[in-house]
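Below, subunit A partners subunit B and then partners subunit C, in two separate complexes.
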Partner chain A sequence: MSLCLLALLVAAVSGVPGLFLRRQGGEAAAGLLGLAAVLGLTAALPVLAGGTGGTLLLRTAALGSPGLLALDPLAAFFSIPVLLLSFCGGLYSLGYWEGHRGHTPILRLVYGLLTASLLMLVMASHALTFLLAWEGMALAAFVLVMAEDREPETRRAGWIYLAATHTGTLLLFAAFALLAKVQGHSAFAALPAGLAATRGGTALFALFLLGFGFKTGVLPLHFWLPPAHAAAPSHVSALMSGVLLKMGILGIVRFLSWVPDPPPWWGGTLVALGALSGILGVAFALGQHDLKRLLAYHSIENIGIILLGLGLGTLGKATGHPAMQTLGYAGALLHVVNHSLFKGLLFLSAGSVLRATGTRDLERLGGLGRTMPWTSAAFLAGSWAICGLPPLNGFVSEWLIYLGAFRGLGLPLGLGRQTWPLVILVSLALIGALALACFAKAFGAVFLGLPRTRTVAQAAEAPRTMLLPMGLLALACLAIGAAPALFAPALGRVADSMGGSLGGGEALRALVPLRMLTWAAVILGLLALLLGRWLRLVPQGRDLPTWDCGYAAADARMQYTASSFADGLTRGLRWALRPVAHLPRIAGWFPRLARYESHVPDPVLDRTASPALQLIVRSAGLLRVAQGGALPVYLLYVLLTLLALLVWMVA
Partner chain B sequence: MLQFLLHGLTVLLLPPLLPGLIAKTKALMAGRQGPPVLQLYYDLAKLARKQAVFSRTTTWVFLAGPVGGVAAGLVASCLVPFGHTPAPVSFEGDVILFAYLFGLARFLTILSALDTGSSFEGMGAAREATFSALAEPALFLGFAALAKATSSLSLSTMLAFPGSLTARFTGPLILILAGWVIVYLAENSRIPVDDPNTHLELTMIHEVMVLDHSGRPFALVLYGASLKLLVLGTLILTPALPRAPHAWQNWLAFYAALAGLAVAVGVVESSMARFRMTKVPQFLVAGVLATAFAFLLMLV
Partner chain C sequence: MLPDLLIALTMLSNFSLVATSRVAKAIQFAVLQGVLLGLMPLAMGLGRHFHIVLLAVAAVTVKGWLIPFLFRRALKQVQIKREVDPTVGYTVSLMLCALGTGLSLLLAHNLPLKPGTEYVLMVPASLATLFTGFLLLVSRRKALMQVVGYLVLENGIYLFGLLLVEDMPALVEAGILLDLFVGIFVMGIVINHIRVAFDSTDTRHLAELKD
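Entry: the complex of A and B
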């Protein structure tokens, strides 16, 4: 515990040396973040390995028994992505941000503070520390999103983010106040049995779900997410998507772990929200042209998958089926870590594309696989993992959820609830297939084929400080994917802290033959090596044009674009996406140069929230008539109000 | 042990026979003599000796498609039972690994098509991605229904349950198989979803994605496609086959059924035309609906 606190402090001050050093402030910050990661992991891993690792701290009589901060299995589990990703981001920023863009010392300082508040948040065991850290995280992230505040797009994204996160926080204040009223204290502790079925329990569930939902970006509360992730510097996007969103999940998970007897409809609600976010998230991602916005919509999709797992686990807990509960929760929790690994990897490699080419527009990129082989390999590894393809880590967590859902099919849950496992299965299958299409589109448009502009053709590979963190994350993805049995005991222990009764990681290992995945990975790798070797044994003709049905002068403009690639699917999903196209009018025999443009606006932000807010602002403008600024008129208002009150009192 | 050996040999040697059977059936129905049944073996042998040609646009991803397709197909083939002979490897949840291995093969094939920078191959890749998104739910709904009926998550027990013997499951089973036949035709790019024989690149899905492959990589592509024909075929055949008392009878029944499936695909290809591209999604949705109804029937 003290190690973890030390890690928190080190992370918090990681930006301070940079304020005084003229050079190497970034190196100092990255070094301190690395030190924090080492310290934090040394503290967290024993807890995951089954030790108690010092759980209580800062206990005072006034605050109740669990104290302010505690390093329980959940905290240790969630601290891993925090530590790993913040270190990777710090290292990455050396090549990505340092030296050629503004506000560097401030950004470093705030980046360290964000890491510290995230660490504090995962360890918080009292409403006070939780909300303090929550607010610290929200504000630090706001400053980081606004890093390039010269761009109007960035300013807009930042303000939308700030408004959304504070709305969520307001709901959380209400939720924690209600919790304190029910419990009599504000420390995190198990709720009494029977509470969940009451009206108070329902209100708590709704408030927590909404409040944390704003942070996780579950549909339809996701609207702040795509612009903020697109506008933030890439290492910050990686941290936001990989870790910040997960803090909402952490909140939901903590709340669920307090409730001994959740009603089944809670599980159903989570599953429904998960299916909605998952399917629509990936559908909207298919419609994007902006690489980082596309990745942001995929975060919504993955949050959907996590919610599907949480819903399954809750369903199992509610109906008393421990296998379903363990598989659902374990799958969801593993997906939390997995998503932060591969989404961090994807955002970092997208950042290195952005740095090399200066654009995020998929229609202007292309052919980077030749000039940036390492970045391309990193992005491919991330895509591979996020599509849930074996043998990388995305498959393992989805597999656990699938197994839980399949088991749920065979259980006597009652006719109405029987459909939830099926909903999970079908949504996961559909999400998987759509994600595959979307990442084939993204990877193909950015890294394969011919470069579409001259700047892209001259792009150079990222420096080593940027490649190293990407390699680290890719290796982590492979490790979890190829040897999941190693991580099963820790995962089982964390899943058990959700109020299970199965008894540790042994139960999880008995439920799923994780070892078989290792065999599959090994055989797959060996076969691929063998076949690749066999291909190289014959002479090869290189440096020839693409066949292209006999047309030898095909150029970059004739390639299939990302939009055309996704067109079949976006057309099929028109009812949800409502794409807007600006068609050129072609008239006459020699039509003039025309321009075609299409994009998919966000349904909540661009179609609902923005118009609604504009309407409010406009109607507020009507009140300006009464605000003339003349003192006598205001005095008249006071007089009239007093008169009205007098009449009301007499009557 | 002998069973495993036979399984391995079947996987390695038998697949190229199936396209040959289909082609022969089509030729005979059209009144032609057609190429020999073993034509694909000759083709593979020839391609393995030939020089491979690579476009200057391509990177190593170009080879990942053929290699990944065959590697994933071979691993998946270890998980399916051939008729009522159990699979060499079976464990709880191998169904999902099976389905996702084919996803992996598809992902890599699409990427290797996009690697050439050709718009034709881009079109094929886009169609493959689009149509498989519709085929996937049908496959999983079928799995869900079978898992519900057998309370098992392993292909060997799920598929080999004697569905035709218990009256209660006959109806759902027919629906599942009907849905899966649609998936089978779509995943293997056969008529009415795709026409493997046309030379107008614009009309195709799978064939157009591999226009630039030649030599050994193309041999892998062809072998991978025929392997898919075999492995996905067992999904349809196994539940439909009656269980025999002796192992050799089971093997015989399986081979006979496999040949029958190839002939049936040939008959379908001779007797109907390819759908317009816009009709294909409706066809696939029919598959999804069939399997969804099967699941509903299992519930009652």
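Entry: the complex of A and C
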């Protein structure tokens, strides 16, 4: 515990040397974040291995009950992505912000504070510390999103984020207040049995789901996410997508772990939300032209997958099927870590593309595989993992959820609940296929083919400080994917802290043949090696362009663009995406130069929230009549109010 | 007997305040009103409480000496013209003031009073003074007259506070006095700035500042 607190302190002050050092402030910050990661992991890993964590208590009557921070298995589990990704981001920022003028030292300081508040949030065991850390995290992230505040787009994204996060916090305040009323104190503890079925239990579930939903970006509440992720510096996007969103999941998981007897419809709600976010998230990702927005929509998709797993687990807990519960929760929790690893990797490599070319527009990139081989390998690894292909980690967690859902298929779950496992299976399959298509589009448009502009053609590979964190994350993805049996006991222990009845990680190992995955990975690796050998045996010809179907001078503009590649699918999903196209009108014998443009507006932000807000602002303009600017008139208002009050009081 | 006389004088000075057309005259009336009210606690026979005597002395000093001094300085600094520059004519102002006084008598008749209060005129007089202050604030354009209106408004509040003077902690009274002093001090500075910025102390110009 003390090690973890030390890690928290070190992370919090990691930006301080940068305020005084003329140079190498970034190195100092990255070093301190690395130290924090080592300290934190040293504290967290023994807890996951079965040790006890310890707590920090503060005995004050004002808090209602003692207890501030505790290092339980859930906290230890969630602290791993926090520590790993913040260190990788700190290291990455050295190259990313190289030669970057402006508020870099301040941003580094805030980055350290964000890491510290994330750590505190993970360990919080009292509503007070939780909300304190929650707000610290939200504000620090706001400052980081606003890093490039000269762009109007960034400012807009920042304000949308701030409004969304504060709405969520407001709901959380209500939720924790209700919880304190029910429990009589504000410390985190299991709820009494039978509460969940009452009206208070329903209200708690709804408030927590909404409040945490704003942070995780469940589908109707996701609207702040794509603009904020696109606008933030790339390593901050990585941390936001990989860790910040997961804090909402942490909240939901904590709440579910307190409830001994959730009603089955809770699981159904989670599954429905998960299916909605998963399928629509990936569908909207297909329609994007902006690399980082595309990745952001994929975060929504992955949150959907995690919710599917949580829903499955809750369903199992509610109906008393421990195998379903363990598999669902274990899959969801493992996917939390997995997603933070591969999404971090993807955002970091997208950032290195952005740094090298200056654009995030998929239609302007292309052919970077030749000039940036390491970045493209990292992006490929991330894409491989996010699509859930073996032998990387995305496969393992999705597989667990699949297995759990298959087990649920034949079980007597009760009337009307038989379809939920089927919904999970179908939506997981659909999500996987669409994700594969989407990453084929993204990888192809960015790294394959010919460069579409001159700056892209002259792009150079990222410096080593940026490649190292990517390599680290890719290795972690491979480790979990190739040897999941190593991590199974820890995962089983965490899944058990959800109030399970099965014993430890052994149960998980008995449920799933995880060793088989290692063999599969080995075989796949051998096959890849053989393929490589065989390719080398093929005689090397001269370096010629691809056959161009008889066109005399094929150039970069003739290749598939990202939109044309995805067109077949987006056309099929037209009913959901409702893309807007600005088609040029071609008339006359010699038509003039024309432009074609299409984009996919966000259904919540662009089609609902913005028009509604504009309506409010316009109707508020009517009140301007009362604002004449003359002081006596304002005083007259005061006088009239006073008179009215007096008359009302007396009459 | 004496308190009723003072209250009557206060109400009369209200009418003089809205009827006068000269800034300097209005200031004199406001100061006179302040001093009259400052003497009120002594007239009410509360001289046995030391802190009330102290407050009365402080009120008379601030309202009778310090504030007129600040006003004189402001008058000299901004070289103000003498006309108060009303938006509502003097006759109408007078009628409005009479209306306000009548209304406050009516209202005070229905307001529940502290049992055992012997000064029935106190509440209507304080409400009437409040209305007069507001009337001055609303209907006089010159910035300095607005300060006078503020001062009259405070006189009304002070009079109301006298009802409870035996129960109220001295701190509250002292706080009100301090507020008044600081308010007028700051307003003096602000008025000077208004003159520098707009070359006049007409508050209509401030409307240009709205966004």
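Everything that follows uses one rule, which is that the second predicted complex is superposed on the first by the 607 of 651 C-alpha atoms of A that agree within 3 Å, B and C clash if a C-alpha of one lies under 4 Å from a C-alpha of the other, contacts with A are read in each partner's own complex, and residues count from 1 in each chain.
As a convention for this text, contacts are C-beta pairs under 8 Å (C-beta built on N, C-alpha and C of every residue); 3 or more make two chains touch, one makes a residue touch a chain.
If you're wondering where the values come from, they're calculated on a predicted model, not measured in any experiment.
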| query | Between subunit B (first) and subunit C (second), which, if any, makes contact with A:V647: first, second, both or neither? | reply | second
| message | For A:A520, using the defined touch cut-off, is the partner it touches subunit B, subunit C, both, or neither? Pick first, second, both or neither. | response | first
| message | Looking at A:A566 after the superposition, I want to know if it touches subunit B, subunit C, both of them or none. Which is it: first, second, both, neither? | response | first
| Touch check for A:L639: first (subunit B), second (subunit C), both, or neither? | second
| request: Could you look at A:L631 and tell me whether it touches subunit B, subunit C, both or neither (first, second, both, neither)? | output: second
| More subunit A residues in contact - subunit B or subunit C | B
| First, second, both or neither for A:E151, with subunit B first and subunit C second | neither
| task | Return first, second, both or neither, reflecting whether A:L448 touches subunit B, subunit C, both chains, or no partner chain. | result | first
| Is A:E597 in contact with subunit B, with subunit C, with both, or with neither (first, second, both, neither)? | neither
| remark: Intersected contact list for subunit A, partners subunit B and subunit C none
| Touch list for subunit B against partner subunit A, complex | 48-59, 61, 63, 66-68, 70-72, 74-75, 89, 91-97, 99-101, 103-104, 106-107, 110-111, 114-123, 125-127, 129-130, 132-137, 139-141, 143-144, 147-148, 151, 153, 201, 211-212, 215-217, 220, 281, 295, 299
| List of subunit C residues in touch with subunit A within their complex | 87, 103, 107, 110-111, 127, 130-131, 134, 137-141, 146, 203-204, 206-210
| Complex contacts: residues of subunit A adjacent to subunit C | 627-633, 635-636, 638-639, 642-643, 646-647, 650
| message | Per the contact definition, I'd like the list of subunit A residues that touch subunit B in the complex. | response | 366-367, 369-370, 373, 376, 380, 384, 387-390, 395, 398-399, 402-403, 406-407, 409-410, 415, 418, 422, 425-426, 428-430, 432-434, 436-437, 439-441, 443-444, 447-450, 511-513, 516-517, 519-520, 523-524, 527-528, 531-532, 534-535, 537-549, 554, 556, 558-560, 564-569, 572
